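So that we are looking at the same thing, I have put the structure below in structure tokens.
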Amino acid sequence: MRKSYLLSLLVLTVIFTFVLSAGAAEDTVKIGLSAPITGNYAEFGENFQYSVEIAADRINANGGIRGREVEIIVRNSEGKPNVAASIAQEFVQNKEIVAEIGDFTSTSCLAAAPIYERNQMVQLSPTSSHPDFARSGEFMFGIVGTQAAEGPFNAEYIAKEYLGIDSVAVIYINNDWGVSTMENFVAAAEKVGLEVTGTEAFFGGETDFSAILTNVKQNNPEGVYIAAMYNEASQVVNQIDRMEWDVAKLAPSSVFSEQFLKLSGESGEGLVTNTFFALEDPKEKVQSFIAEFRERADRNPNLHAAVAYDSMMLLADAIERAGFDRVAIRDALAETENFEGVTGTIEFTDVGDVVRSYMIMEVKDGDWVVQEDYR
Amino acid sequence: MTKILSSENLCKYFGGVRAVDQVDFSVDKGEIFGIIGPNGAGKTTLFNLLTGTLGVTKGKIYFKDGEITNLPPQKVTRLGIARTFQNIKLFEEMEVLENVKIGFHTQTKTNMLDAVLKNNKLKEDEEKVHLEGLKLLERVNMLDKKNNLAKNLSYGDKRRLEIARALAVKPEILLVDEPAAGMNPHETDEVVELLEQLNKEGITVVIIEHDMKVIMGMCDEILVLNNGVKLAQGTAAEVQKNPEVIEAYLGK
Amino acid sequence: MAANIFEKIITNINKNKLKYIFLLIIVLLILPFVVENQYVLHIAVLTLMYVLLSSSLNVIVGYTGQYNIGHVAFYAIGAYTAAIISTRFNLNFIIVILISGFVASLFSLMLGIPTLRLRGIFFAFTTLGFAEITRLTILNWRSLTRGPFGIPGVPIPQIFGMRLSTNTHFYFMIFILLFLMLLMTYRIINSRVGRAWISIREDEQASASMGVDTFKYKIMNLMYGTFWAGVGGAFFAYFAGYVSADSFILDESFRFFAMVLVGGTGTLAGPILGGAVLTILPQVFRSFARYQMIIYGVAILLIIHYKPEGLLGGRTFKRDLSESEDN
Amino acid sequence: MFGFYLSQLFNGITQGSIYALMAIGYSLIFGTLGLVTFAYGDIVIFGVFVGYYFYAVLGLNLILAMLLALPITFLFGVLVEKICYEKFRKEARMLMLITTVGFGIFLRSASQIIFGTGNKSIPTLIEGKIEIGNLNILYIQLGIIIFTLIFIYALRYFLNNTRTGIGIRALSMDQDAAKLVGVNVDKSIKFGHSLGVVLGVFGGIMLGSFYNAISPMMGPNLGLKAFTAVVLGGITSIPGAVIGGYILGIMENLAVAVFSSGYRDVVAFIILIIVLVVKPSGLFGKEVKF
């Protein structure tokens, strides 16, 4: 009986190939979504998928784009740059796909960029914050704002002005995002006279930060800047608390999520970050997105989810104006003016990224509370 | 008669176990030399020491004019010492002929570059190895099985193939470890005949064997070991008369 | 039963090897002219690349029986060497690929000298450690490797003034590399050197008794295999135009290993089939998004259960590669 | 300065105690099967998630939920053994190596789908701490160390004095010989493997409870650490594995103190290679056939 395993596997393969290549209905407009659905970044990829699908369903409920239904083609990039490049190749080859949303990490976006650029298809990344990404091509767009903007804000307004501290240590995750966040923050700190007492790297998946924190504490900084995603950041604040170290805690917007509160509990109290998406934003479109997201994902959306939603809406807006031609979509996207998303007003710079303005947010009594409005 | 292989005060200890203890012996060129002793007497360990498979704890080993103590096995082989193994160590997933071909390793020179370029050196080597390999197989009556995998051979064939493989090394001295173990009388006779034939051609043979008929019948000289210690060395007749040997074999 | 047909096909292929090899080469040569879908070509390039990599691992694992489970390290070293050299010096890509292979080979020499004396599984542990050390060093040594950012902008290879930038160009590039690799390996395996390698796999002690300097041959074997891993890495750097440490995680090593075992160890054809199956399968299942890796894991388990000796029925390993004691 | 290294040493001991606890189960599995497994971390995390499921979804008492997870993971261990090892016991070791890799991939992805992709928080099992001078020692830390000691002695007793235990020990020395003296090989392997899994899951629960978080992606790293500890200390020597865990923890933390935090694992692996080259059987292991 065992012998039939392989054969059935082969048969399945053949069937799936046919299913995949089978033609689809003519009256849809296809958008590719490249996201890490499995692997270390799976939860972020999952956020992408929920948000983009919510947006697509909205658009379709309102009659689609130019009368056509939006169809999302999801591909799993596993968080690997070379896989993201293969997906890019698949997307550009499929003539029915008019633009792409993704990927999550900057390295994946950068690896896929040459292929999208060569084949003249928009790659709109919701989360790539590396300053080089949007610059890497005409067809590359990033909407989360770059670290070149967020770093100075965190150093100048959060650390110096809001928290009123003069020295800070940086703990950062050793990946493309973390290093870029650290470097931009450190550069900005030097400019505004914020002393950086030390930088310490860790690798994704690390659970024990006591050694790093002991190192950092040596120099007695007044604050700790935690350049990490919420899961590691919550570990860091937990362990700061366990050391009974009374220090100001600040972090980039990546920590803003419900999960952070759950995982850090009381030790997260007083952590300051920035954001351009707030759950208490009274705007109807924001609240209805939050409600819909909660219903599907059973949790509140975070910043990553919000920008993914806006990415789809932005593309829909551009396609509505430009039609279904890939190059025309690129031009329309670049010309976007005053687009009102759930993450505020979006307009692209000449290179294709967005200059964000930020709110200051702090964890108070176990909740994210906006302390200062956009500036 | 000149000495070809000998040892001086040879010892091998495994922790507290004295597997071979202060053994002196010498093999003369051209003879058939038997090593006997009860199980665990240290016969195979002695072979492993002589061929460099195991390092010695103390003592010296000489081959012809030079010392070979603790030389690695491949160097020992290059000097002209070949062996077979008690528990048959063929290259099981290789064909019979290929097994023999490896024996010619030391007599050929092909390196990786020659192989890649498929130059004359490779062709000459391959031709030589192929022809001589076939000759050796013919000698042990296995020509018809040249393309069988070694693992599929019968027990007797495996033993014979091991001897053929060892002969490919073109040894001056051949160490065979229980070549007739597990064979029927007819097969045993064949092996004895083969070894005697080889000896006539000038190869010195050292043999470990449990079958006393075989040993007593063919050996010029015999070394008796017991618990790692040498009991006696001499002709079959001398050994058989030695009271210590009788005691070791028959008990008190 | 249907499965028997599959068996028969395999036997038939084994019988008429030359014919089928010839046929396969013809098909592979025509492929890029017939297939217009760039995605399919892209996957075809990746497939040939993985076949090269799994074949290079097979040289080490399959022919000499050294458990190298850190093969990805040499792939990474090759890729990074190519990326670093080609972005700093204006060298022809053929030279860069060769240098990358040699650098990978050199690292394997450094690893092999102290560790190849270790028996079977212990050598495996050290290769695993080496793979992690390599990846982490790439991430840490920012001045040389740009750390987690990876190295973008690997120049487009050129030959005789022609820019090799399309999938078809890369297809022929990897095809030639793979062809060379297989031809060279075939010749070596059927020579004195290859026999020595295989004899080490079969029984190291007996091999030494035949006069084979087993340590030297193990080193040579490791260096030869890792040379091709380095070449594969360099090709990857050119093909992707971008290298980053995320591509060289331990999972990739296990993937090579799975390819060799799934196809069948110690045969030239095994890793070719294994490499192809395990490269194409995940692509086919990519649209299953979050179920993709589940299917991938199950597929490996099923194939190993169905055919422990590999799809093409290569030899099986002895349970113990260690030397048996005989006292 | 001295105080700094002292507290880093203490950090190392803390982390080492967790590695040590994880290494016990790994060592037992290694001894029983005679092979490394690359699914250990994933299996352990899966087990912890089973407990988490009882606690968070079914609303059971935390300790009860975690205790309930143990017999379930025992049964799960039997299943794993059936899938990954049973058929391949007489085959080459590398087949089992790849089946564990395949199973690890499968289980990790399945866990992400069943339990969600995000980190989950687990409350501390035992709250509170004692202060000695400048050092704060949490009860949970003490608990980890106490359990480690208990396991070493309990396992030693079990392996030396019970029928099943002696069977498992015989297996780790020589499977064929074990069979000859009447050990039920199949039952012993399954039992030994499952026991290792349960010990691992218990370690995982303590780990989750200490760091207050678990995620399906923690598996591979955890498995690699347990593996390193076991190889460092000496394969199949359970006290050796525990000491290996402590050495690993201390080395990693001192590496952060002396070099840079990025090189923490590099140092660990370099030490691993050096130990293997100098003494392949590990620091405290006996010479074994592998």
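First chain written, first letter: the chains are A, B, C and D, and each begins at residue 1.
In this text, contacts are C-beta pairs under 8 Å (C-beta built on N, C-alpha and C of every residue); 3 or more make two chains touch, one makes a residue touch a chain.
Computed from a prediction, not measured in an experiment: that's the story for all the values here.
S.K.: Which chain's mean C-alpha position is nearest the mean C-alpha position of the whole protein set?
M.R.: C
S.K.: Report the chain whose mean Cα position is at the greatest distance from that of chain B.
M.R.: For chain B, the chain whose C-alpha mean is farthest off is A.
S.K.: Report which of C-D and A-D is connected by more C-beta pairs in contact.
M.R.: Counting C-beta pairs in contact, C-D comes out ahead.
S.K.: Nearest whole angstrom, what separates the Cα centre of chain A from the Cα centre of chain B?
M.R.: Once rounded, the distance between the two centres reads 71 Å.
S.K.: With chain centres defined as C-alpha means, what is the inter-centre distance between chain C and chain D in Å?
M.R.: Centres of chain C and chain D (C-alpha means) sit 32 Å apart.
S.K.: Would you mind pulling out the distance in Å between where the CA atoms of chain B average out and where those of chain D do?
M.R.: 48
S.K.: From the mean C-alpha coordinate of chain A to that of chain D, what's the distance rounded to whole Å?
M.R.: Centre-to-centre distance between chain A and chain D: 35 Å.
S.K.: Can you tell me which residues of chain A touch two or more of the remaining chains?
M.R.: 38-39, 42, 46, 174, 201, 203
S.K.: Pull out every residue in chain D that's touching 2 or more other chains.
M.R.: Only 109, 112, 260, 262, 265 qualify.
S.K.: Using the touch rule from the top of the page, what residues of chain C touch 2 or more other chains?
M.R.: Only 136, 139-140, 290, 292-293, 299, 305, 318 qualify.
S.K.: Pairwise, which chains touch?
M.R.: Pairs flagged as touching, ordered by label: A-C, A-D, B-C, C-D.
S.K.: So in the complex, which bits of chain B are touching chain C?
M.R.: The contact residues of chain B facing chain C are 14, 19, 40, 44-45, 48, 51-53, 72-74, 77-78, 82-83, 85-87, 89-94, 98, 101-106, 108, 110-112, 114-116, 118, 122, 125-126, 129, 165, 168-169.
S.K.: Quick one: in the complex, what on chain C touches chain A?
M.R.: For chain C paired with chain A, touching residues are 1-4, 6, 37-40, 42-43, 46, 136, 139-140, 142, 147-150, 152, 167, 236, 240-242, 244, 246-247, 281, 283-290, 292-293, 299, 302-303, 305-307, 311.
S.K.: If you look only at chain A, which of its residues touch chain D in the complex?
M.R.: Per the stated touch rule, the residues are 38-40, 42-43, 46, 174, 200-203, 205, 207-208, 210-212, 214-215, 218, 231, 234-235, 238, 242-244, 259, 262-263, 265.
S.K.: Residue numbers of chain D touching chain C in their complex, please.
M.R.: Its residues touching chain C are 35-36, 38, 83-84, 87-88, 90-95, 97-99, 101-110, 112-113, 220, 224, 228, 231, 260, 262-263, 265-266, 269-270, 272-273, 276-277, 280, 289-290.
S.K.: Going by the contact rule set out above, which residues of chain C touch chain B in the complex?
M.R.: Against chain B, the touching part of chain C is residues 184, 187-188, 190-196, 198-199, 202-203, 205-214, 220, 224, 266, 315, 318, 324, 326-327.
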